[in-house]
Amino acid sequence: MSTYVEVRDLTHRYWDVKSETIALKEISFSLKEGSFLVIVGSSGCGKSTLLSILAGLYPIHEGFITIDGNSLASCQKRIGYVLQKDALLAWRTIKQNVQLGLEIQGIATLKNKQYAFDLLDQVGLGHVGDHYPHQLSGGMRQRVALARTLAVKPDLLLLDEPFSALDIKNKIHLETLLKSIHKQQKKTTILVTHDLEEAIALGDDVLVLSGHPGTLRKIMKIPDSIKNIPPLEVRGHTLFRSLFEDLWREVDL
Amino acid sequence: MSTYVEVRDLTHRYWDVKSETIALKEISFSLKEGSFLVIVGSSGCGKSTLLSILAGLYPIHEGFITIDGNSLASCQKRIGYVLQKDALLAWRTIKQNVQLGLEIQGIATLKNKQYAFDLLDQVGLGHVGDHYPHQLSGGMRQRVALARTLAVKPDLLLLDEPFSALDIKNKIHLETLLKSIHKQQKKTTILVTHDLEEAIALGDDVLVLSGHPGTLRKIMKIPDSIKNIPPLEVRGHTLFRSLFEDLWREVDL
Amino acid sequence: QSTDGQDKKVETITLVEVTHSIFYAPQYVSKNLGFFTEENIEIEWVNGNGGDKTMTALLADQADIILVGAEAGLYVTARSQSTDISAFAQLTQTDGSFLVARHPITPFTWEQLKGKTLLGQRRGGMPQMVSEYVQKQNQIIPHQDVALIQNIDYKNLSSAFVAGTGDFVQLFEPMASKIEAQGYGKIVASFGTESGHLPYTCYLTKKSKQDPELLKRFTRAIQKGQSWVKTHSATEIASVIQEDFPDISKENLIQVVDRYKKQASYAEDTIIDEEEYQRMLTIMKEANELPKVIPYDLYINTTYAEEVKQELKQE
Amino acid sequence: MKQMITLEKGAQSTHHARFLRKYRLQNLSVWIARLTLLFLLIGGWEWASQKGYIDPFLFSSPTLILKEAQHLIQEGVFFTHILQTFLETTVGFLGGTLLGIILATIIWASPFLSKVLDPYLVVLNSLPKVALGPIFIVTLGAGFVSIIAMAIAITIIITTLVIYNSFQTVDPNYLRLVRSFGANRFQLYRLIIFPACIPNMIAALKVNVGLAWVGVIVGEFLVSKAGLGYLIIYGFQVFNLHLVMMSLAIIAILATLMYQAIAFIEHRFKHI
Amino acid sequence: MKQMITLEKGAQSTHHARFLRKYRLQNLSVWIARLTLLFLLIGGWEWASQKGYIDPFLFSSPTLILKEAQHLIQEGVFFTHILQTFLETTVGFLGGTLLGIILATIIWASPFLSKVLDPYLVVLNSLPKVALGPIFIVTLGAGFVSIIAMAIAITIIITTLVIYNSFQTVDPNYLRLVRSFGANRFQLYRLIIFPACIPNMIAALKVNVGLAWVGVIVGEFLVSKAGLGYLIIYGFQVFNLHLVMMSLAIIAILATLMYQAIAFIEHRFKHI
């Protein structure tokens, strides 16, 4: 597999009249096609900033990013982005929510819509298509958000703490779902989390950011023996504890 | 040690004009003085309801509760309650926040205030006493909330998901703090969480609620070998995994 | 000088005038020439901004004396059970409004109103009733021969006319003169001249609260002002009242006073004649606004006016 | 016993029945208190004016007001006046709201424009619009249009500010989401900003009803041949205060009804 | 070059400097646009009236307004009028706000009372208060008190509703917290409800300033011997529209200043 995402010397600064905040400093890493990268780090170390830049929401001032060899700007529509807050539109039914991305990109054909509804089935929510978001629980809403993003068939999937507001049962259920989707579709995926167990359970690699400004501290490879088992079982795996403690030491409070 | 908290056949119903929701059904358990009980269960199974009743916020319609042999109503001031949302008063400094309970109970003597400020030191926040809450991080704010409740020297400490909004480092740091305070003050404590690992790391016993209406499913004893080690290490303990899996099976999604 | 000795204590009267106008020149003359002071009266002047509010002020005991159109008292007496209101002196005896044409017309005849639009005063007020009365007197049927706009607040009439509404407008001074001076129209007739004498603007008080001696002194002060106005030129009057109208130029003031003086709008004495009163009732009846006929004696009190006139004549 | 059963209708358990009974009894007592208060206010007014404690000529009385209304109904003009004012208010407040929304949209579309206009909007907002009446008469003529303009003038700026404000407080997560899908500014508006603010717009409507009534009444004070504001002015002119009070009462009732209608719509919208 | 440095003052890096420059240049251009607009409006008005496109007799003109002001200043009554109205407005709006807070507190203290009064508040809220003027004159007299009453009548109900509403939306976590400490209802109010709602109260003040101005101006239309509302009425009576326009301009300026003063206080409170 070839390098798909390439981040080089990326520095990001936030400005206001009074001061400058350096959120990321000289971050470089690359990602193979179809791989699953998890980014962890303490609060405020720039995880969300990095993901937002990759999602094309902020301009790049220093450094550069290429996707499949092209500049980031030219690939905007090939990137899917899932937020911690599900951001389901309260005034639309679940079905209408799922096809939002298709409408925006002007590709709401019958076929594409059908694909979106199939995804809804796949996340186990085909039966609530005509409900409104407020009628769903937190876990269900987050599954809808995932289906909505997948509906536009992104080549790169970005997830910013998608499960952090869920309780442990829901969280593991969704982790399992995400992992199986990833295995099946082989979509390049970057997930941000502050849950170290989640990172180990899902990632091919775990990237640790640290400090203010956020710098790349370490990239940890997850052994193949763990990669292919479901998230719940990973947590009981013999290697798990030592991986967790390695990560724990790297992440600063 | 003697029985301190006694809950018998407690049923709680919420009413509105259209319908009745039974939140808890015939819950009975007792708690020894100085022990640490953790309550877990899926979302909506009545954990917060149970804690609110113990905190005297809802009247008891069916069943009864005694604290140290007395009726609950007569012990209101001996109960301390910490919420998931820290609820620090935004317009008061940290010091003023910490002495809020003392003011309400009319015991804001110099000595008691000093005790409150000592607690603030103890949770490691003596240096930010003159700051306002918005200047503190989530973990710091929750520590202030804990100190505020401890300041009125409650005999029974109730905590409703106090750490669920924190990231993993902060969470474990605060768990460690709480565990050490419990060990030192030997205060009877009830903690609600949906984090099963936290339950095992902190509790002497773990009470599992399940279903709608919430019923008592199981009370699990935590082995002594785990009880006395810090929360981070508990997670690596040999017994941990099987305890976790036992709990996992009991909690319904 | 005053018959009641100077040693008497000065009494204060709250006087609410329906509006502040050159039409009421004699009372400002009395004020500025000290006629009130001579009578040991101090006046607290309040601008009532309209007949309704002025009348209300009297009814609610916020005023001792009000200067208002006589019809206001008639309405109140006719509609309430009480007959407490009485008019005891008159200040002006004709309507004070003028017919202003958009373009100069010489000579003007009322015939020329036919087929045109007249921007009139509001329904229910004396000026509007007088206007319709005068039209009928001149063989014009209101609302039929001439289109009448009667829906505009009196404060905005001149603006509306200048902005292009109507061929004719019925205006008070100093608006009429101002419009003429600016070349937006020409005064072609006077409603005051046409209608004949009426008890137009009068001083009203409550019978139940009146202090005969004080009212008499008040009437005397007004009478003195009226007599002074009668015997002096428009220019002299204008100089005396200029301080009450700082926004109006001297020439304008002279012109307006002169116009009112010439058509005898300023009453020469304070007595409200029965004949004039009956004419007013007729006008109101024709306008369909008279709820009920009020006998002269019930509403009008000429005792002070006559006594004062008598005494001043003797001096 | 019959009544007991009604009070407990829909109960799902004996506990629930007890709750429902208490709840419904309390509701009942609230209604009784409301009606008693109403009765006391109106009855007291009538009584005081009959006994002569207050002057019925100045303060009117319920029966005299009813008599006045009867009189107008007999003359066949009662509903004409009401309809006139009601129509003006409706047009004025729909117009003000619509224009406010359009203005807010324009300002939202151009951040530069919004910054430039900001101080002007503050000034226009603080200016007591009731003082502008004469200017409308001069520019728009002495009729219907001026009255509507008054109602619009009073509502438009506050609507613009409220709605522009609500445009700006739309959950930023929504914006990140649609921008990540590559939406342009127009799509942003059509798919997110506008629908997300519909509840706020309805809330603005609620405020605007009251303001539109003020505008129309003030407008009718200045220029009118018919309508409730006209009746008030005319009533004062000829000292018929029963007419004034009657008009005020009708205005109060109509304004309340319109307000409640919008509150009802608002309630419905919350429940989709 | 001097200017460059000022534009980049406080920069913490070359990137920040670039940002600051852009930001400040944009700010500058906003100000330039604002002033240009102001100049165009005033200049255009003056120009159009000098050229005779609009009638200065009806619409006045900036120079004529200034002349009018100068005239009043020379007579020494300019500031008397302004002070009068300013005073009335201040008293009216502080009074309305204070009474509104007190009323909201009373209603909050008794849930039963609040339910009973609810429909009455809705009616009072929808009633156009400007129509009540004459009633104040009858009961309170033709003076200062009536004007203040008008301002208070316009502000009090909306204040009560807004503040009562904000009392009810105080974060329930705060309430659980202090109740778990065993607080009584008075402590609840003193320690939580009241301080938590101070920002909302200040926001209510912001709305009230505008309303108080309306109330005072309308009040002065009804009864007054001095003040800006009086000048407007008087200006119409003597057909001196420059006086009217001048008064309107002063009202706009004063109302804006008061609004900004409260916005400033609001801003300060947000930053504790």
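Note that the chains are named A, B, C, D and E in the order they appear, and that numbering of residues resets to 1 at the start of each chain.
What we mean here is this: contacts are C-beta pairs under 8 Å (C-beta built on N, C-alpha and C of every residue); 3 or more make two chains touch, one makes a residue touch a chain.
By chain, with names taken from UniProt: A, B = ABC transporter ATP-binding protein; D, E = ABC transporter permease.
Quick caveat, the model's predicted, so the values are computed rather than measured.
Among the remaining chains, those touching chain B as well as chain C are D, E.
Interface comparison, B-E versus A-E: the pair with the greater number of contacting C-beta pairs is B-E. With respect to chain A, maximal separation of chain centres occurs for C (centres as means of Cα atoms).
In this assembly, the C-alpha centroid of chain B lies 49 Å from the C-alpha centroid of chain D. The residues of chain C that reach two or more other chains are 52-53, 56, 59-60, 155-156, 159, 162-163, listed in rising order.
Annotation for chain A: no residues touch two or more other chains.
Those residues of chain D in touch with two or more other chains are numbered 58, 134, 138, 236. Touching pairs of chains, sorted by label, consist of A-B, A-D, A-E, B-D, B-E, C-D, C-E, D-E. Put simply, chain E touches chain C in their complex at residues 55, 57-58, 75, 134, 137-139, 141-143, 221-225, 230, 233-234, 236-241, 243. Looking at the complex, you find that chain B touches chain D at residues 13, 15, 17-20, 61-62.
Chain E makes touch with chain B in their complex at residues 171, 173-174, 176-183, 187, 191-192, 195-196, 198, 272. On chain D, the positions that touch chain E within their shared complex are 26, 29-30, 33-34, 37, 58-59, 112, 115-116, 119-120, 122-123, 125-132, 134-135, 138, 209-210, 213-214, 217-218, 229, 232, 236, 244, 247-248, 251-252, 255-256, 258-260. On the chain B side of its complex with chain E, the touching residues are 52, 55-57, 76-77, 79-81, 83, 85, 87, 89-91, 100-101, 103-105, 132, 152.
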